[in-house]
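I've put the structures underneath this note.
Each of the next two complexes has subunit A plus one other chain: subunit B in the first, subunit C in the second.
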Partner chain A sequence: MRRFLERLLGLDRRWIFLFVLLSVAIPIIVPIGLPVTTTESTRKAFDFIEALKPGDTILISFDYGPSSAPENDPMAEAVMRQCALRKIRFIVIALYPLGGLNLANNAVAKVVSEFPDLKDGTDYVNLGYKDGASAVMRRMGDDIAGAFPTDQKGTPLSQIPIMKGIASLRQVQLVFTVATGIIGEWWITQVHPQSGTPVIIGPTAVSAPKYYAFLNSGQLVGMLGGMKGAAEYEKLIRARYPEMARFYTTTHDFTATKGMDGQTVMHLIVLLFILLGNSAFLLSRRGAPR
Partner chain B sequence: MTFNLGPVVLVLLFAVVPIIGIFLGLNSPGLRSRIPIWVAVFAGLIPILAMYIPKGFLSGQTGMSQRMDDWLIILAGFALLLGIVNVLQNNFKKVARRDSGWFYSVVLLIGLFVTGGAGIYGAVTKIGIGFNPDGSPTPFKYLTDWFFQPLQSTIFALLAFFMASAAFRAFRARNVEATILLVAAGLVMVGRVPILELLAVPFPSLHASAASASQAMGKLTEWIMDVPNGAAQSGIIIGAALGAASMALRVILGIERGYLGLGKGE
Partner chain C sequence: MTLPPIGVWIAAFLTISALSFLYKDNPFFRFAESLFAGVSLGYYIGITLDQTLVPNLIEPLAHDFGKNWDLVVPGLLGLMLYMRYVPKIGWVSRYALAIYVTYYIGLDFTRRIHGEAMPQVARIIQPVFGPNPLAFVFVIGVLSVLVYFFFSREQGPVTRRISRLGIWFLMISFGAAFGFTVMGRVALLIGRLNFLILDWIYPILGI
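Now for the complex of A and B:
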């Protein structure tokens, strides 16, 4: 028994790696279709955007990079789809230096191809990337054109129809930051108190615990926490707009709902490893000479 | 013509005074430390005053605080440039000396020049860094889509393997605190995902009870995240904010001088 426990504790990590690879890859290739339960923070975010009037404007800030794209991409796409369905206009910016703009361009191109009626400059606009995230936010709180004089194509903001009547963040009904790292927090701590604009955040799962403090204090309207939050949002969209199911049942595109299958199996594997490791540790300690 | 006081004061504080200081500093070494401290004092005080004093020259649309935000955006751009210069210096040195791993520096430099070149090409030809007019990707977009993004995703994805390995080897119930952490983590891991439904997949008769148990676990998880976690996070955030405020105050008052990089006695 003791030898077995010692062998278990000294298990070659490559076996663990193999388990992890299979547990993530198989459910993505062959989806299980596990159910997703919704949490209050995601429902609040969804309901807030649902309550906006057609013609209202929200700002979507791409504050993440490719490293967390599988978690963050589905959030951004789901909110943009909801905006397209509700005729809510959206302004896209990117503040994350390592590939935020490219992800924004890809997400916008994807959603625009799904909703061909969306017109650039009228229903949405992509202002591009600007360095110096917190300074850019503060500047936008007073004057958006001060931070982004033109859109990504070089058209001055004064000539873009969607920007008529929107001089600062005070005229925007919501800021939705899809974030990894500190940039998302700056929207809450620096922009919301200054302009009063409500903020919804879509953080990665690893940084989501921090934002519960802001949810409790009322500084955040809602939160889509990690891939789970994105999958919840996809579920809420599918329930409210059954025609949207076509984007979430395809076996070709990656969705958070599909990703949750892999994450569930992965959680199970990690839990089993923790149980196994602790069982072996406790039994070997019991058997060890004092 | 209306006189705009804000920009004049800013130019005085951040251009004229430091330039005079530099010239005087050539003869008076004491000024070498005092001038940057005064610059930091003004840079720190102006945004704070602008929050409380609603005067146009300070907090108006073209006031001092707003102009300083513009400067900060420009400075951030230059900081990026400084970073590139630093990367070039370090890696060229490494290649020239044939230090260990110098070949990786060559790869890094090639990546930097090719990607940077593609970006500059997009700017010069005005096609940008997104799509060409015919919808095809620009060279920069091709590089980011097919090299940068997959590489970044791969590096981050490796974390999953190491986390699982660490969970097996290091996440042990060695004492009471570690056990509480372990139990809380286990509950959250079960409650955040439909593990119980996954385990019930081969047993259709258990589907309903697995679903209700999963819902109960979900509620417990939400409570853990909302109440104990939320309270602890509030404490951490407030503590960190107080620390940042006191540090800012030390810089503004000239007590904290480490950022100046001065030698002893200066």
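Now for the complex of A and C:
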């Protein structure tokens, strides 16, 4: 045993990479279906949207790029599906320069194909991307058409039914920012104090810890923290709307719930290596001359 | 069996090229890295032109100049920024940059005060021994961390112990943040492997 642990100290790290690769790949091929427990921050977000009335409008801001899509895509899709089921209208924008718009287009197209009754311009609208996120938010606080004169297809906002009666962010019932980096924080620290519009954030796991402070201070309604938060939201949606299970049980599509299998197995592997590595280190120190 | 489209093959090749760095540095990785940097920059320029400059500046000026003449000012300021590439009149760009920086300082100042400092300070004003049993720990944590960051005076025996406690609070929060970071990075790997398996390998195998 001692010799085995000593050999571990000199282990080529590429073996660890291989273990990590296999621990993530195998659950994708053979889903395990490990249980997902929900947290209060995700339940609050879910309940807030559930409490909105049919015909209310929320703004969904795609503030992330392809690099964090595995975490953020499932959040955006889950919330849009919930909106479609609850007849809540949604306005889509993208403020992240590198790929935010493409991800928004893909997510909207996917959800619209799942809910063919959704009508562009009436039930939802995609306003596209705008550069300079902070200045865009400032402008939207007073005048959305000033920041987005047209939708993605070039239709002026005055001719879009969903935008009737929505001149500024004060007239939307919620901002849901699916975010990586600083843009999500600006919705909380800049838009919320100016317009009073409630904010829910779906950050990447890397940025999630800092948002707990905003959650505790009441500046955020709820939060979906990383892939775990997205998986929790998927669970809540499936529990409330059993017919939605068809989107989350397929083996040929990616879901956060499925991703959490890989996460859990990989975390166990990392824990195992931490234990083995530290044991080997302590044993080697004990045997070394003082 | 339907083979995946050419775009999926290219994406798969670039994904494997990027991941190949984990084995060792190689030309495929460098190619993927350079291509990514170049494509990102090109995409950023294109999307800003198409989604921001055309609908918010060029089209309003072209369609109704009389009503939108004020857009000439930000348009000129934007152009002035590029004057730094002309050495003789490079100083012109400083005026545009000064306005740009001033705007964002003003915006950020309000944001920090109203959006961060005030609500967070208000949050820690609560009964220490109230209904929330964690409030005491919360207040102790805030105060001890603040003492740790108080560098204006040399620490005495008491403040040194308090700041030591602050370090413990900081370490716990760093540990939580690191755990989340690991989860985030693994999520990226899950995303790439999902793509390789579901979108590339499965169609090739006809699954």
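We adopt the following convention: the second predicted complex is superposed on the first by the 284 of 290 C-alpha atoms of A that agree within 3 Å, B and C clash if a C-alpha of one lies under 4 Å from a C-alpha of the other, contacts with A are read in each partner's own complex, and residues count from 1 in each chain.
Everything that follows uses one rule, which is that a contact is a pair of C-beta atoms (placed from the backbone, for glycine too) under 8 Å apart; a residue touches a chain by one contact, two chains touch by 3 or more.
Everything numeric here is computed off the predicted structure, so don't read it as measured data.
In the overlay built on the shared chain, the residue A:Gly218 is in contact with subunit C alone; subunit B does not reach it. Legend: residue contacts after superposition of the two complexes on their common chain; A:Phe247 is shown touching neither subunit B nor subunit C. Judged by the touch definition given at the top, the superposed model places A:Ile32 against subunit B, while subunit C stays out of reach. By the touch criterion defined above, A:Leu101 lies against subunit B and subunit C together after alignment on the C-alpha atoms of chain A. Of the two partner chains, subunit C is the only one that A:Ile188 touches; subunit B does not reach it.
By the document's definition of touching, neither partner reaches A:Phe90: not subunit B, not subunit C.
When both complexes are overlaid on chain A, the residue A:Val270 reaches subunit B and subunit C alike.
Using the contact criterion defined above for the overlaid structures, shared-chain residue A:Tyr64 touches neither subunit B nor subunit C, since it reaches no partner.
Once chain A of one complex is fitted onto chain A of the other, the partner contacts of A:Phe176 are absent, as it touches neither subunit B nor subunit C.
Once both structures are placed on chain A, subunit A residues 17, 20-21, 24, 67-70, 97-99, 101, 130-132, 135, 138, 147, 154, 208-210, 213, 216-217, 228, 263, 266-267, 270 are touched by subunit B and, in the other complex, by subunit C. Here subunit C touches subunit A in the complex through residues 22-23, 40, 43-44, 47-48, 51-52, 55-56, 59-60, 103-104, 107-108, 110-112, 114-116, 119-120, 122-123, 173, 176-177, 180-191, 193-194, 197-198, 202, going by the rule given at the top. Residue ranges on subunit A touching subunit C, taken from their complex, read 14, 17, 20-21, 24-25, 28-29, 67-71, 97-99, 101, 128-132, 134-135, 138, 147, 149-150, 154, 186, 188-190, 192-193, 204-206, 208-210, 213-214, 216-219, 225-228, 252-254, 259, 262-263, 266-267, 270. By the touch criterion given at the top, residues 61, 66, 69-70, 72-73, 75-77, 79-80, 126, 128-131, 141, 144-145, 148-150, 152-153, 155-156, 160-161, 163-165, 167-169, 171-173, 182, 186, 189-190, 192-195, 197-199, 201, 211, 214-215, 218, 222, 225-226, 229-230, 233-234, 237 of subunit B touch subunit A in their complex. Partner subunit B is touched in their complex by these residues of subunit A: 11, 13, 16-17, 19-21, 24, 32, 34-37, 39-40, 65-70, 97-99, 101-103, 105-106, 109, 130-132, 135-136, 138-139, 142-143, 146-147, 152-154, 208-210, 212-213, 215-217, 228, 260, 263-271, 273-274, 276-278, 281-282.
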